[in-house]
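What follows are several structures.
Okay, so chain A shows up in both of these, paired with chain B first and chain C after.
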Partner chain A sequence: MSTATEGPQLGSGSVFGRAILYAVLIVFAVYYLLPLVIMLLNSVKPLDEIRSGNLIAPPQHWTLQPWLSAWSEAQVGVQATGLKPYFVNSFLMVIPAVTISMVLGAINGYVLTKYRFKGDSIVFGLILFSCFIPFQIVLIPMAKVLGTLGIAGTVPGLVLVHVVYGLGFTTLFFRNYYAAFPTELIRSAQVDGAGFFRIFWRILLPSSGPIIVVTIIWQFTNIWNDFLFGASFSDFDSQPMTVALNNLVSSSTGVKEYNVHFAGAVLAALPTLVVYIVSGRYFVRGLMAGAVKG
Partner chain B sequence: MAFLEIDGLYKSFGQTDVLKGIDLVVEEGDFLVLVGPSGCGKSTLLNTIAGLESVTKGEIRIAGERVNELKPSERDIAMVFQSYALYPNMSVAKNLAFGLEMRGVPKDERDRAIQEVAEMLQIEKLLNRRPGQLSGGQRQRVAMGRALVRKPQVFLFDEPLSNLDAKLRVDMRMEIKRLHATLGTTIVYVTHDQIEAMTLASTIAILKDGVLQQFGSPEDVYNNPSNLFVADFMGSPAMNLVPAEVQKQDGAIGVALKQRSNGALFLPVREGVADQLGDWVGRTITFGIRPEAVTDPDAADQKEGQLVEATCRAEMVEPTGADTYVVTHLGGKEFTARLRANSPIEEDGHVKLAFNMTRSVFFDPQDGTRIA
Partner chain C sequence: MTATSTTATEPLVRPRRSSAFRRGLQDWLPRIVLAPSFAVIVLFVYGFIIFTVYLSMTSSTLLPRFDFIGLGNYVKLFDLPNWWIALKNLAIFGSLYIVICCVLGLLLAILLDQKIRGEGVLRPIYLYPMALSFIVTGTAWKWFLDPGIGLDHTMHALGWTSFHFGWIKDREMAIYTVVIAAVWQSSGFVMAMFLAGLRGIDTEIMRAAQIDGAGPWQLYRRIIIPMLRPAFLSAFVVLAHMAIKSYDLVIALTNGGPGRATELPATFMYSYTFTRSQMAIGAASAVVMLMMVASIIVPYLYSELSTEREQ
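Presenting the complex of A and B:
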């Protein structure tokens, strides 16, 4: 039988092919993981081991002191507070910024797809345009706006900046997602007697899981990792994690505690990693769902 | 009293006029079917009644009250959508309850209403399921239940059966008819399927290009079409509509249908019609007769009207089991006759047909208007 004779040949060929495939994949995985591994290894080494040995060697004496130091003792800026207060600042900034930009983006998407009005595509085009404006261009106008509003150098000020900047993306996500959402459902709810917000809350939002996850990951990662706005619009007591990390690393006083810097950097990256691991599998699914139609 | 009145209704989307002056009057308890080819404006008309589309000009009244400015929820209507439009995130019970909840009906009353409707539609076992877990027919039932539970003044159906398979469609058709008989609520129903229209309606409105073509009972629309479009659109197989010359032979007025071989077949018309066709002698008109009015002489209704017998050549024979359709060639077109099963067809392919001229209609071939 033809299948019987062809089968093994194909099989041996595919074993060889697979071996190469896996080898390539492993090489790339190692290549990408290496920086993280080195950071983790060096964050649990005493400082003199880093100074004397090479970076890749595993630690001879394991210690968690650099982590504790980075968290609550290290000199950041003027005071020796560690990264802890800035970590809190980042959360105080990220959570409202993500929530508000997401809710506004969802309402925008809802209106742009289900309550069409004259010129709605122009409005959408303009909102979309904001996705392509480079950060640097808005710095000075934004500083002026924050100053006028009296929230310059505060966490609410940073929240406002990130909401404004994120709105283009969240609107884009939700508009494309809702474009595929059947309009008859909205009409049915209208006949049933539900109003604008009731339909949004009861019909649309419960079906928006995937796109909410996409938006959270996107916005959280962007806002958490932002450095430029944080550096430009914050004071010492409202600095986010990224700016504090920079201050820690580029601090000019005393010895450079590389192990503490490594620990701090991992700490700074941790929340985005957690968000991605927890909801990552929805990410691709949600992006696809939005991409099919719209 | 007229219950649903539509008065000179116009609807335009930008430059395009979708509805061009629709006038309709529906009595309470009527079953109005809006039928027409796709793009004729029937769904738009339904949406304006529902309040989902605004009106450009004209007035809609429900129970004597002008509803143009009312929101869909204030018109006391319920609608069944083509896609069913069940809320995917809610259970069947919640779907049924949603409209009542929005109207502030207390919980125990809602539950009672849901139970009642679920029993009526035999969906009690489905109440805790999500729409995604239901079959097409079950979704259809739930969609109807959602409309029923509110006990509105008017039900609006937007092609509700078009997503079902053929057998289920027939079942649900009967179900809708039974529901209407039980509840007696006024229904406006949109479909493109003329059989659905014939079986369900107490009144049919046929639309084409945003203009109402005919408005009347199914019998009226079927037997007495007001123009060529209606005659062609209603009925399956379609009415034979062929060009024929009006002639006067031996003092009798009739139509001559060109045959493939030996000249023309002369069919004298009935008396009343003869007067109206007088002006058309020597000119060509469009002659229409339904396949079931052209049959084998033995099966012809001897009591009714004026039968004219003629022999034609059967070019094609289509036995369907119950009937046999014979396709012949008259007036330069295919011409279908409906015979009994096992009707005798001669060896050489000739068949004797009886034309029931009482049921014939005549149209102006230029603009399609009815002459007689």
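Presenting the complex of A and C:
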């Protein structure tokens, strides 16, 4: 099948028409960039400049104080620790959660595509649906179970929650990827006497690079950005970054330090933004795999 | 995605130990390996769903209680004005969110599909909000729309003193600010889905239509947009289930206010369960949310999986 690389040209293709086209596209680019630019600009402004001036004016007196304050001084919850400990919490939560859910998802994807057993499509269907449930339906029993296990309000508790509810997507990603892998190679390796794990380790894993990257990005972004589980299952000393940011911004005591809020918001966005900029192509692929194929 | 298999160069042959136990183990290994994940999902997803459904038929308040009282809580739930506010807000927010994201996404995809120089720069700019947390998005738009320091204030400082935009503080209009922020975050993603759809259309069909004398507008209206049906369907399913689950954005942007003006089912569930100590009502609202999501997702997954099997 021959596919189009570009659609049919709208307008007459005149210089004027092209100019309008580019103008519209640039206006939209400004629309998407504006909130980020405003956050950045106002995170390096003194507070009185925000109050007296306007949000889109560049700072007259540059200052990094809001960033320092957001990082290590601002009042978050009851303590004036800044966002630093919560930033660390988020990494302590994200790294094991992504790793464990990915390893399990890879093995599940391998089993679900290369081995047939009774009821395998029902198993997959049940795993797949679990990706889309509104998490409100599991909040109450999960709180009880975490309490019973003695890990309520801890980072390991959050890791468990994110592994459990990330499994569906990691399994889906690896399953769709391995479905395109030639099964004959697996069969001939079996004939040669290679066992279950040896086939996975030597044949599938070496060619899994792209899907590993897609899965890491997807899981990292989702778990870092999660708020509901963080707000429901963490204590003051185990809160992730999103919850701490919300506490910082919505705390009603004292002067509203908008510049500190903006710096904090950019700090919370930074890890996922960096991932996106470094590997945007894989990020899009993950979104598509989660949506179109899912 | 294409999988290459050039890496398995080492000989995989090993001296065979053909013991029955080993062969039996190899037969069972796939199931044994899959079992823990499957057990976890059965317990933590489906077990928990059953638990919450049961809880919604008890008289639980601050703590779970296990006395069965039937469907009374659902009757109570649908008698609560707050729940109706949440449903009405979800209807307004959800429909506008889906429609505007689709229109904007399609427009941007078509415009980007016109041999644009710099597409590689524009596309990631349209899409990056999707990488942000809704808490970050909510914070940015909360202050941007705040009359005290945001758009209003900025326009006044620039000399347009009669300008007024106070939707975020207005009970009637606040829900639309949630739409504005949510559309900003998700429309680039819908653009990417439509662009992928546009790039996958067979050029032969387009060429045939062009030979028949169809102009570019007609071509889009009659042929190309109708062929994007699968992309529309995916976009609808993704956006609809995101709308039903919306929680973080409202918390960060308006915290459900002013008053209850931006209350959604997700914020209703949380506050009734955890702060108002009406756990059974909260559980009932969660069950209703699950049913809404299931009514969209299940038919979609079913059709996706059955077309996959046909191929």
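We adopt the following convention: the second predicted complex is superposed on the first by the 262 of 294 C-alpha atoms of A that agree within 3 Å, B and C clash if a C-alpha of one lies under 4 Å from a C-alpha of the other, contacts with A are read in each partner's own complex, and residues count from 1 in each chain.
The working rule: contacts are C-beta pairs under 8 Å (C-beta built on N, C-alpha and C of every residue); 3 or more make two chains touch, one makes a residue touch a chain.
Fair warning: this is a prediction, and the values are worked out from it, not measured in the lab.
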item: Contacts of A:V138 with chain B and chain C, given as first, second, both or neither; value: second
item: Touched partner set for A:S207, first chain B, second chain C, both or neither; value: both
item: Which superposed partner A:F227 touches (first chain B, second chain C, both, neither); value: second
item: Which partner, chain B or chain C, touches more chain A residues; value: C
item: Which of chain B and chain C A:V123 touches, first, second, both or neither; value: second
item: Partner chain(s) touched by A:F91 [first = chain B, second = chain C, both, neither]; value: neither
item: Partner chain in contact with A:F196 - chain B first, chain C second, else both or neither; value: second
item: Chain B versus chain C as contact partner of A:R187, first or second or both or neither; value: first
item: Which of chain B and chain C A:F236 touches, first, second, both or neither; value: neither
item: Footprint overlap on chain A, where chain B in one structure and chain C in the other make contact; value: 182, 185, 189, 192-194, 198, 202-203, 206-207
item: Chain A-touching residues of chain C, taken from the complex the two chains share; value: 1-8, 10-16, 26, 29-31, 33-34, 36-38, 40-42, 44-49, 51-52, 55, 64, 108, 110-116, 122, 124-137, 139-144, 149-151, 153-155, 157-158, 184, 188-189, 192-193, 196, 198-204, 206, 210, 216-217, 219-220, 224, 230-231, 234-235, 237-238, 241, 244-245, 247-248, 251-252, 255, 265-266, 269-270, 273-274, 279, 282-283, 285-287, 289-290, 293-294, 297-298, 301, 304-305
item: Residues of chain B defined as touching chain A within the complex; value: 50-52, 71-73, 77-79, 81-83, 85, 87-89, 98-99, 102-103, 146, 150
item: Partner chain B, residues of chain A touching it in the complex; value: 182, 184-185, 187-194, 198, 202-203, 206-207
item: Chain A residues touching chain C - in the complex, by the definition given at the top; value: 1-11, 21-22, 24-25, 28-29, 31-33, 35-36, 38-39, 50-51, 53-57, 104, 107-108, 111-112, 114-115, 117, 121, 123, 125-130, 132-142, 144-145, 164-165, 167-168, 171, 176-178, 180-182, 185, 189, 192-199, 202-203, 206-207, 210-211, 221, 224-225, 227-228, 231-232, 242, 245-246, 249-250, 258, 261-262, 264-266, 268-269, 272-273, 275-277, 280, 283-284, 287-288, 291-294
